[in-house]
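The structures come next, written out as structure tokens.
The following pair of complexes shares a single chain, chain A, combined with chain B in the former and chain C in the latter.
Take a look at the complex of A and B:
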């Protein structure tokens, strides 16, 4: 289980460290795949029909549909490389390192009552993922990056959810996944609209619509 | 307990009735006299043995999980209730007479009952939630009383300063109570005491939060900045109540918080002694430099709170060193001084009210010669002034004596830097006492003695009996506690045992026995003084007595302008302490040596804490907020940044500091 968690954390590094949008989307796709495996492992029993179903749906949505949707929405937009980022990617990586250190320093302060199936690395890596998602949301203004930040944040929450995965009905998780999918749909439409209005997908230009 | 709660619940009703009345006289009569009546009956209930069952807490459950309101009276609460009800009873009577003369205060009078109810509610609250709610209620109600003259720009300013100060203080208290309830799993005070498995770090943090939060209400230096603004702005009877009792709820809060925190480490007591000494000395130094009577008295509250905090500090040192004698002396000195300060500071502010009533001004430099017109007010002021200076045979002496004895005990029975701090405490309080004498010599000399400096006193008379009678009771109490402190000391010892559970009655007997000598000396002193006066009157009986002017250094035409002014009296002390006070002096010297021309001297002492600590601090905070605001305007990312930063801070506080 630990290698999956390490993989999840490492993919967040990839997302922040790369300057190409395509690399980021691919990293998010890999993270989604890792997550679907993770929930399968956390469940414990391999031949559970619910587990298999959930694995399938998670993998399908997180690794295939959502990345494809994002690729589709940025297709006609000449923004493959993140030019002139507001915060340099060096400092972002350093911040992420700091966040990771802080999260993993307190590994013993989060006691897990569930049992041996859950690794003690789970909470720190979930925390790192959530905070990284927030960091991306805060520092990047391009709409595509906002979607990626949102997805990583959601992946972190999903990882947190692993602590109670054995007691949670599958239908709820499928519902949550559907919500994410719809969210990404809407964001894709937003990107299209923003691009059509401003010839750019920077969300900063959205503030021009305000009264001020 | 139910009876006390009933009395406290009557007060809001009184306030409501008073709000609804339209007639000015009836409105103020219901508010003031109704409050007075309720407070008086509450006072009686507290002393009737039938109502004194010790552990009958009232628990009011609610539908909200984890929340239920608890009220109860233990010895500490009872002592503070006696102080609150006692002074409110007298101030209510005075207030009615005062409002009759100053009609502009009618509209704020219903808040008076609410303030008394809130103060009493604070000291009987036995759970965090009701404590905080009533505490906030008390702050807001007193804000309305402070801004009674709300059309006045200065009063508005004072009101704002008070409101900001009190809310910032409450923010610290909220943090403290949240931390307490998190660590004990309940909001009940009883659980706070029992579930005492907090780390020393957390306890220290709680202690600091309590000192800042409650200390702001109490007025310790440098958190006193609201006092010198709010007290002059409020009507005099409210100043008496606020300075006499309301700021003592801060002291109650500190004491109550200390009961939650278990056995104190040494540095708490030492910190409190240092804070107390600094407050005492700085308070009295600033008081000396004031030109407004009520502002001056407000700074004296800072001084006296300093003495009380020093006492608490000694008590804490005694508890942590297992020195029972020191604990008893420190805590009883502090708790008795709470009562004493309520009495004489209440009396002083009521005297200031009388001065306002008579002369319609409180500027010290244009008053003068009031003893000839109103000898009674002057006499009462003198008694209160002697009490506040800690002169025998009045009550201030007794409590300060206890604090001093505690400090000397600390010098004799401890080691290392505790000795140093005890010595600093003795020196500081002695210095503060000496300066207080100088300060009240100035006030009494300039305001009451000499000749009137302006035509303000033309045709003025002594205020009516309605105003004077409560003051006479207070003055008698000053003398009574000075000579026979036993009945009050028993109450104090009861409250003290909550603070220092190890200290038994045996130790308090050790305190009692030297006090017997003190009382005997006082009685002998008074009898001797009485004898002298009667001998004098016997000797002069047959002789003719002529009154003439005071020797006027040979001036042909002495005018009232030749008297000492407040500034000229305080100038030598002010220039001695100018490194601390940093006065702004404006001097326009005459150039002609032989024929003096007009010269100007103007001295003004800005409050160091206000202008050199809080003003830069708030400016810095303000610029940060403006920075955030200017960022916020543009994007959603800025909002997210704030959330992100908050999350990280909360995370670090929760995980690393276990708060």
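Take a look at the complex of A and C:
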């Protein structure tokens, strides 16, 4: 379990540290795969129909469908490398270190009961993932990167959800996954529209809009 | 007991150039060349030592004493490490001495480079200082994490902590990866600095030793190979600590471990391109964050947070 959690945090680091969009999408796909395995492990029992179902659906949506959708939406958009990041990657990485430290230090202030089958590393890694997702969302201006930030944020929330995985009905989890899928769909359409209007997917250009 | 210590020192003095040969051989096999013989560096060093040195008129005595001094410093640092058997010199806190001996050697090399009064070497010195400062913090966090795991400030105890097994723990693997990268940085290996290029815009280590010739150059090459050997041994020992046992077994295991790390280094050097100079600090900060993460996991495991 610790291995999976470390893997989830590391994929988050890769997303923040890399400069290529395709690497980021692949890292998010791997993270989705790790998450689907994580919830399987967190349940404790191996052959549980709900667990297997949820594993299948999570893996399918997070590792296959969503990355494919993002790849599809950036097809034809030449900005595969972000040329001028708004915040330098040095300060981003240092902020990442700060975020990780804060998430690990404040563990005792979270009154979450961690079950017997669940590693105590879960909450700090979930917090790191959520905060890093937030960091990506606020520092990157390209629409694709914002989708990825949103997905990482959501993956962190999903990891938090592992603490109550055994008491949670499967249908709710599946519903949440469906919401995210629809969200990515809509964002893909938005990317297309932004790109068509501005020849670029930088969301900064949206602030230039006004009533004519 | 003394015999063991002698064995350590003997390995430290004799073996290092061999592993440089191994790295070069791996690289040449992958590139489809025959490449130089594995023992090439020994020949180079002997050839250079037989020659005469030429000194520029603009240099002072600093330039002349640095090669031998830094070689001795690196040898001292190597003696702190339990290479094949417990190390010859060991005391509480030798971890810090270990790091600072290398820092001292780097300081001397930088000083000698500045002493040549060549702006070109000054540029290399400036780069070396920048990357050294950034990698030092990562080395310290790696050592801090190991200190927390083993609860001892002595390298000897740190790298021989009982278990003769592959330490399969996420934080140890992270430390290994980060330290492997630091090893490449510290020794100016491929993704950071190409040891074979003499293109002025990209060199770091090579540019600082451009003015050396003859025996001085030989000593510098030898010292660099010892530094590489010590770092590779340390990297291997993070993941695979030294065993308690007869000295010949220790030597054999050490040989295999360092061989594995040199093959890994050769593979990394063959399959990666040199990173752009402006990206190097970023990579170093990334490895710092990685080790910070490992430190936090370890603290968490030990219930210190």
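The rule is simple: the second predicted complex is superposed on the first by the 201 of 212 C-alpha atoms of A that agree within 3 Å, B and C clash if a C-alpha of one lies under 4 Å from a C-alpha of the other, contacts with A are read in each partner's own complex, and residues count from 1 in each chain.
Note that in this section a contact is a pair of C-beta atoms (placed from the backbone, for glycine too) under 8 Å apart; a residue touches a chain by one contact, two chains touch by 3 or more.
No experiment lies behind these values; they were computed from the predicted model shown.
S.K.: Let's test your reading of the overlay: on chain A, do chain B and chain C clash or fit side by side?
M.R.: Superposition result for chain B and chain C: fit.
S.K.: In this superposed model, does chain C or chain B come into contact with more residues of chain A?
M.R.: Between chain B and chain C, the winner on chain A residue contacts is C.
S.K.: According to the stated criteria, A:120 is in contact with first (chain B), second (chain C), both, or neither; which is it?
M.R.: A:120: touches chain C, not chain B.
S.K.: In the overlaid three-chain picture, which partner chain does A:9 touch, first (chain B) or second (chain C), both, or neither?
M.R.: Touch status of A:9: second partner only.
S.K.: Touch check for A:100: first (chain B), second (chain C), both, or neither?
M.R.: second
S.K.: Let me test your reading of the model: by the given contact rule, A:23 touches which partner, first (chain B), second (chain C), both or neither?
M.R.: In the superposed model, A:23 contacts neither chain B nor chain C.
S.K.: Using the superposed model, give me the angle at chain A's CA centre between the CA centres of chain B and chain C, as a multiple of 10 °.
M.R.: 100
S.K.: Give, as a whole number of angstrom, the minimum Cα separation of chain B and chain C in the superposed three-chain arrangement.
M.R.: Comparing every C-alpha of chain B with every C-alpha of chain C, the smallest gap is 11 Å.
S.K.: For chain C, which residues are in contact with chain A within the complex?
M.R.: 170-171, 174, 281-282, 285-286, 288-290, 292-293, 296-297, 299-300, 305
S.K.: Mind pulling up the chain B residues that touch chain A in the complex?
M.R.: Going through chain B, the ones touching chain A are 633-637, 640-641, 643-644, 647-648, 651-652, 655-656.
S.K.: Looking at the complex, which residues from chain A come into contact with chain C?
M.R.: Going by the criterion above, the answer is residues 2-3, 6, 9, 13, 17, 89-90, 93-94, 96-97, 100-101, 104-105, 107, 120-121, 124.
S.K.: Where on chain A does chain B make contact in their complex?
M.R.: Per the touch definition, chain A meets chain B at residues 102, 106, 109, 127, 131, 134-135, 137-139, 141, 203-204, 206-207, 212.
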